[in-house]
Amino acid sequence: MSGNEEPRVLGFLCNWCAYAGADLAGVSRLQLPANFCVIRTMCSARTEPLFLFKALLGGMDGVLVAGCHPGDCHYQRGNYFTRRRLVMVQEILKALNMEHERVRLHWISASECSLYQKVLTEFIEDLKGMERNVARDEVFL
Amino acid sequence: MNARVGVYVCECGNNISDQVDIAALVPMLEGAPGVVKVMSHRLLCSKEGQEFLAEEVRKEGLTHLVVAACSPRQHLPTFMEVCKRGGLNPYLMQMANIREQCAWVTSDRHEATEKAARMIRAAIARVVRQAPLPEREVEANPDVIIIGGGLSGTVTASMLAGPERRVHVVDRNPALAVALTSLKGVETHGGCEVEAVRGFFGNFEVELASKGSRQEVRVGAMVVCTGSRAMTLQEMGYPGSEAPHVVVLPQDPESLRPYLDALPSGQPKVMFVHCAGRERVGYCSGVCCLRSFKAMRWMAETAPNAQLSCLHQDICVPGRDGEREYQGILGIGARMTWGRLTALAQQGPQVTVSFRREDGSIGQDAADLVILVPATVPNHGARALIDIIGVEAGPAGFVEEAHPMLEPVSTSVKGIYVAGSASGPRDGRATSLLSLAAAAQIAAELRPGKTLRLEAQTSQVCEALCTGCRNCMTVCTYGAIEYDLVAQTCRVNETICRGCGNCVAACPSEAISVKGATYQQILQEIKEAVR
Amino acid sequence: MSEAPRGATIQSEEGPRALVPLLARALEKGTSDAVLLPLRTPGQDSYAFVLVKDPRLLRQADPLPPVQTVTGGRALSSLTRHGGGGVRILAVMRPCEARGAIELSKLGQVDLKDVTLITMDCPGTVPLQRFARGDLRPSAVGFADQDIRPICQVCDLSCAAVGDLHLGWGEGLAPILIPMDERGAEALLAMGLRAEGDTSEWRTTVSSRSQERRERREERLGQLRVASSGLDNLMVRLDSCINCHNCMRACPICYCRVCAFDIRRQERSANEVLDLAKARGSMRLPMDTLMFHLGRMNHMSLNCVSCGACEDACPAGVPIAQLFAMVSDRTQSAFKYRAGMDRQQRSPLITFLEKELEGEDGQRC
Amino acid sequence: MARGADIGTEMPKALREAVQRLMETGGFEGTFTLARTPGGGVDYFLSTKEEGAPELLPLHPVMPNHAGRLLREMTLGGAMRGKVLVITRPCELRGFVEIVKRLQGCLDNLVFLSVVCGGVFPLSMVSAGWDGKRTEEYWAYPDGRPVQGLRPACQGCTEFIPYTADLVVAPSANGHWALTAGSEEGGRLIERAFPSAPAAEMDPKALEAMAVARKAGREEVLSHEADVKGLSDLVKVFGRCIGCHACSKACPICYCTLCTFESSRMEDRMEQSKGQLEVKGGIRAPAGTVLFHIGRMGHMAVSCVACGCCQDVCPVGIPVSLLFKKVGEAVQARFEYVPGRDVKEALPINTFQPMEFKEVGE
Amino acid sequence: MGEMFQPRIVGFLCNWCSYAGADLAGANRLNVPSSITPIKVMCSSRLDPTLVLTALLRGADGVLVAGCHPGDCHYGEGNYYARRRLYLLKEVLAALGLEEDRLSLEWISASEGKRFADVASDFDRRIRELGPNPIRKRGQT
C-alpha cells in the first residue's frame, strides 16, 4: 500500500465458531487491527459469492470469510459448500488476473482466539504489501 | 397435492336439460385435466341437491368443485355454503352459468351443448388455479361520528345512540341544539372541525380540531350531515341585488316581519322571485317552490292588504301536499308571471324587476319588496371536508352518493355515509328519511359485537416486481393502495380493497394481481373459449 | 415564458463542447453538486453517462457524442429512482433522452426535483452497432450527416427545448444557451452568463429544420405503414426477430423489473406447442413474437419518445424504432399527448374525462 | 457403440434426407429443428407435418436462439407428450441437460440428434444476408483447416463432440458422413431408417484433426480480447457495456425470473451513492457494470457451455463469451466438471466431498 | 373454408352490469349466438389491453368487452379507464392494419337484456362477415 494507509478489510464471520472466536479474542484482550469490519452471519454458507464481488468492487482491500472447521459446522455441512464457493470465486478472480489474494477463507473455532488474531494480522500484513485496491478510485465500475 | 375436481351439471328441472344434451355433455367433460367425476343432477339447488353435493365433496375427497347450473348471481352464495358444509373452502368452487347464458339463449340444441362444454371446461381450468381464500373478518368499532348537528345530524344521532354505541356529533358551531346535547350516548363536539381521517370502515381515526386544541376520536363509521344552505345575493350575482328592498327568503318567514312593517301603507306590492341563482348552480333545487308558497300564505295572513305576485319558471311541487299548496296560492289571488330574473334596480321607493319571458322578450315589473327564493347549495366548509375525508363530490359540490337508487346514503368510501341535504337539496321530510336510512344502514352493517366481513378476492402486490410507479394507486377509486416509502413499493390495504381489478390492468409489470381473477385464470378461460 | 426567450451567446467554435467549461464553472461555484453527462470510456471506444463531481473528470466529457449508448433517461433513473436525495444535478442530454427522463418522472422512476435538465440541438447519432464494430468512428456528427440512424433522420423533435436550459447551435449558428424556465435561468447565472442575446435566428433555423424533418417523417413512416400493414406484411417485417426482447431492455421507458412478456415466455406447455404444431403443420419457436411487440406497443407507445435505443440494441436488424414511431405517432395523437413534451400533462392511461373518445370517426369505443 | 450408417458425401442434403427417413420410420410426433422462416431467415421450428412445413434446415450453421433455452421454456411445465426428434448442436444439448439438472426442463420423450460440430456463424452474418457458397464451404469434410468467420466461441471450442445425443452426425471415412448411434435408442432408429445403408463409424483421424485445429483456435481467441490483466482491463472491456443484459437473457443457463442484478436490492440509493461520489469524484450511471458481469460469472460459470450466444446478441460487441469461456473453463477444471456431460452428475456447487480442497481454509 | 365458419368470440362481461344483462337476456329467453363464450370479470377495468390482445392472438375471431354505462360503474370509474385502454389497443391495431374491428367495447346495463342479445347478434354477424382470424392458420405467432 502506498504511504501509511491502512488496508480496509471486511470479514464475514459465522456466528458459532469464528464470531465466537473473535469475541474470545476481545475477552482475552488480544490486540487487533482497527481497520477491520465484521459482518456476522449465522453460517459461513450464507456468504454469497456476490457479497465478495460487491465488497471487492466497492473498494475493500481484503475480504475474509471465516467459519467452523470442516466437520464442525453448526448446521452440519454448510461450510463444505462455503469452501466450494470460495474455490469458485478464487478461480474466477485468477482467470481475470484480479488479485485473488484479496479473498481469503479460514477455519476458526470458538476457542481459537489467537488463531483469529494471527490470521487477521497476517492478512493485513499481506495486504499492506499489495497496491491499494484500484476499485476504490475507479469511476467506470 | 394433485387436484381432484368434481363437475356437477344441474338439469335445473328441465330448464337446462331441455336445451342442453346432458347425456352428450357429460362424456365431453370426462378426462379434462384434474377431473375425477362428472355427474348430472335434477336440481342441485334443492335441499336434497345441496345435501347430495356436500356429501359428494366429502365422499370423493374433492379439492375443487365446478357447478354447472344457473347464474352465479343467483346461487353463488348457496353453493358456497354447500362447499363449507362439505368441508371445502368456498372459493375453490366455480360456477358455469349454462342456464341464463347458454341454455336459455341458444335455440340450436347441438350448439348449446357445445357451448356448455366450453363454459364448463373454462370453469374447470379456472378453478384448479384458484387458491383457497380465508373468509376475512376485522374487529369493528361500533361508534359513529356525525359531522353536522343540524336536522339530519340530530335524527341520525338519536336513532343510533344507545348503550352499545357511542355517537359523536361534531359541528363548527359551538352551540349545539339541546335536542342533541341532552341525548343519552351522544357526545357533542361543538366548535370543532374535522382535520384528518385515517383508517377504514370499522376502524376510523378522526382528528378534530377546535381553537387551540386537538383530539382524536375512534369510530367505525362516519356520517356526513353538513346539510345545505341558501345561496347568497352575492353568489347569485344579479345586477342591482344590493337594493335595500331586495331580500332572500329566510328559512323562517317570521324573519320577514321587519320588512313587512316597513312596507308603505295601502296596497304594497310584494314579489316573490323563484329560481334565484338557478342558472348559476345549474340545477333545480326542487324544494323552494313549496317553501315560497308557504311563505306567501303566511304573508297573505300576516299582511292581508299586500298584493302578492310571483315570478316563476317551472313550478316544482312534487308530493302529496304540493298541488294543494299551489292551488291555495292561486286561491288567494297571487299573480303568477313566467319569467327569468335578469336584473333588479331600486327606483325610488320601489324595486324594478327585469326578467326575460319565454319568447325571449324582456318584461319589467315593480314591487315594494322583492323576495328572492334562493337555490340550495352545499354548506360552507363542505368542500374542504369532502377533500379531507376523501369522498367523491358532484359538480355542484354536494357529496355524491355511491348509487342514486341502490345506495342513496353510501359514498364512494366504504364506511362514510351521507344523510340529509349534504348530498343535494332536500326538504325536511326527505332529510329525515335519508337520515333514518343512514342510521338503519349503519345499524345493519356495523352491529355492536359483530366483526366485519371483508372482500376475500382482493388485490395483492408482489414486492419484488413492483417498481413503485404508482399507476395502481392513481386509478384506485377507494384509496386501497398505499405507497411504502421505505420499501419504495406499493401495498394493498386489503381491508379497503373491493377487488375490481382496475389496478391489475394499470400495472404493466404484473406486479399486482387480484385473487380469483389472476392473469393465468383469465387466460385459461380465454383458451377454452377459443378452442 | 410568453414572450420570445432570450439567450446567452457563447463565443466558441466547438458547438456543444463549449458547454464543458461552463459546467465546470457551475460546479466550482457550488450551485450544483454534480453534473450528469456522457464521458468517453476508459477503452476510448465508447461513451457512458457519469455523474461528475470532480471537475477534472470533465476533460473526458463529450456532451453530444456521435452515438447513443445508455439513454440519459435511464442514467438519471438509475440515480434517482429511489429519490434524488437532495443532490442538485445538472443533467446534460439530447432532447429525446430528456423527454424520456420526463416520461420516467411521470412514472415515478426519475426524481426531477433537484435536477436541471440541459438539452441541446441534436444532429442525430450513428447506429450503435456500426460504431461499436469500429466501422464508423466520426469525431463529431453534423447536421447534414447521412450516416445517422434512420430514426434520427425522421426526428422532428431533435431541437425540442424540453430542458430547463437549452443549447442552440449548428452550422453557421453561434452556440446560444437559452433558459426555458426559472431553474434554467439560475443555472445560466451559475455559469456566469446572462441571457441577453436574441434567439430569433436560432428559432428560425430550428423551425425550418423541424419542418423538414416532419415532412420526411410523414413520408418515410407512411411508406413503412404501407409496407408493413396487415398481418402478412407485419410478420415479414418482424421475420428476423429472435425474441430476445433486447429492444425492451434498452428502452428508457420500459421500466418494469421483469417484463410481463418475459414471464409469459414459459406460458405454453410442451403439449400445447405440440398440439398447435399439429394443427398448423409447424410452429416457429419461440412463440408470441407478435404478442410481445403488440403488447409492448400497448404498454408504452403512449410514452415512446422515439429515441431509437431499441433499434440500436436489436441484434437481428428489425426496424423496431421505426415501427414504434409509426404506431406511437398515431396513438399519442389519438390521446392528444406527445411524450415528454409537457411535464404537467398526465400520462393518458391514468386519467380520463367523462366524455371523450366518441364521435369523430364513428364509434371506435 | 452401436453401428452407424453411411449417409454419403453431399452435405447438407444428405442430412436433410436422413432426417426425413428418421421422421418416417422413427415414430416421431414432430421434429424440433432449424428451418426457413417465411421471410427467408432461419429459426427453430417444431414441425409435425410434411405438407405446408417450412424448408427444414437441420444443423444450419447459425444459432438464432439457443435450443436449450427454447426446450427449457417449453418443457418447464412437464414432459412432451409424444416423441419428438430434437436436432441441436452439442453445446445446445449440453446447455439443456445442464438446465434440466436445475429442474428447469424435462428430457422425457425427446430424442436428440446432434453433430460433431463445426461451429456456427454469428447472427450478424445472417442478417447481412446468407450466401449459398458459405454453406458449401461449411460442410466441406473436416481436414483440420478452420472455417473462416465462425463465432469466436466456436473457433476455440474443444467440446465439439456431443455426450448424450442418441444420434450423431459425424465425419466418417473418405469424405463420407455417417449417422452414428450414441444410445441404444439411436441404434434402433438407425436400423429402422437405414436397414440397408453401408455401416460406418466416426473417423478418428478427422476428429483428431479437428481437435488440433480447435486447440490452436482456442489459444488464438483467448489470447486477445479475453486476455484481461486485472480490473483496469475489465473496465476497458466492459466500458462500452450499455447494461441491456442481453447476454444473460440469451444465456441458456441464466434461468432466473427476476435477475438479481435487475432487482431492487442491487439499486443504490442516492444517500449511499453520495459517499462514492465524494471519494471518486464521479460515478457511472447506471453503475454496477463490472459487478453484473463478474457476479453473473459467479452464478453460472460452473455451467457455462461456451455456446457464444451472449456475444452474438451483444449490441456493442463485447467479447462476453470469450471471457466467460475463459473463466468457465478455469472453474470447471478445478471441479473436474463438464457441464451437460451427464444429467446424473451433480452440479459442483450443490455437492461436496468432505476431504477435498484441503489447501483452502487452512 | 371447407366447412361452415363457426366463429369463436370471447365476451368479457362485467359482473355488475353486462353479466347481469346477459342473465336477463337468458331469463327473457332471447336468442344469443352460441359463438360467444362469456367470461365474467368483476369490472371492465380488469381487462388490460394485453389480456384482450392475448385472446385475439390466441385465435379468438372476435372479442366483445361489455361494461356498465359511463357513470354507472359499480366501482365508480373503472369503465372510463377501460374505455381508454381499449381505445388504445384499437389504435395500435389500426396503426398496423390488423383488423381492429374484431374488437368491440359496449356498454350494457343490468336491465338491458334485449340490448345484450342485439349487441351479441350484431357482433356475431360482423365477425362472420370478417371471416376467421388469420392468426389461427399461421405457423408463427
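So that you can tell them apart, the chains are marked A, B, C, D and E in the order they are listed, and the count of residues begins at 1 in each.
By definition in this document, contacts are C-beta pairs under 8 Å (C-beta built on N, C-alpha and C of every residue); 3 or more make two chains touch, one makes a residue touch a chain.
The structure displayed is predicted, hence computed values, not measured ones.
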Compute the shortest path length in steps from chain C to chain E over the network of touching chains.
1
Which contact partners do chain A and chain E have in common?
C, D
Sorted by contact pairs, first entry is C-D
So, what's the distance in Å between the C-alpha centres of chain E and chain B?
29
Intercentroid distance (Cα basis), chain D paired with chain B, Å
63
Taking each chain's centre as the mean position of its Cα atoms, how many Å separate chain A from chain D?
36
Where the CA atoms of chain A average out and where those of chain C average out, how many Å apart are those spots?
45
Spell out, as numbers or ranges, the residues of chain C touching 2 or more other chains.
39, 41-42, 48, 50, 57, 81-82, 235, 257-258, 260, 263, 277, 280-284, 299, 349
Going through chain D residue by residue, note those that touch at least 2 other chains and give them in order.
37-38, 45, 52, 54, 232, 235, 239, 258, 263-264, 280-284, 287
Junction residues of chain A - those touching two or more other chains
139-140
Chain pairs satisfying touch are A-C, A-D, B-C, B-D, B-E, C-D, C-E, D-E
Of all residues in chain C, which touch chain B in the complex?
81-82, 107-109, 255-260, 263, 267, 299-300, 349-351
Which bits of chain A are touching chain C when the two form their complex?
139-140
Enumerate the contact residues on chain B facing chain D in the complex.
464-465, 488-489
Residues on chain E engaged by chain B in the complex (per definition of touch):
8-10, 15, 19-20, 22-27, 29-32, 34, 37-43, 45-49, 51, 54-55, 58-61, 74-78, 81-82, 85, 117
Of chain B, residues touching chain E in the complex:
71-74, 97, 99-108, 111-112, 114-115, 118-119, 122, 392, 412, 457, 475, 477-478, 498-502, 504-506, 514, 517, 519, 522-523, 525-531
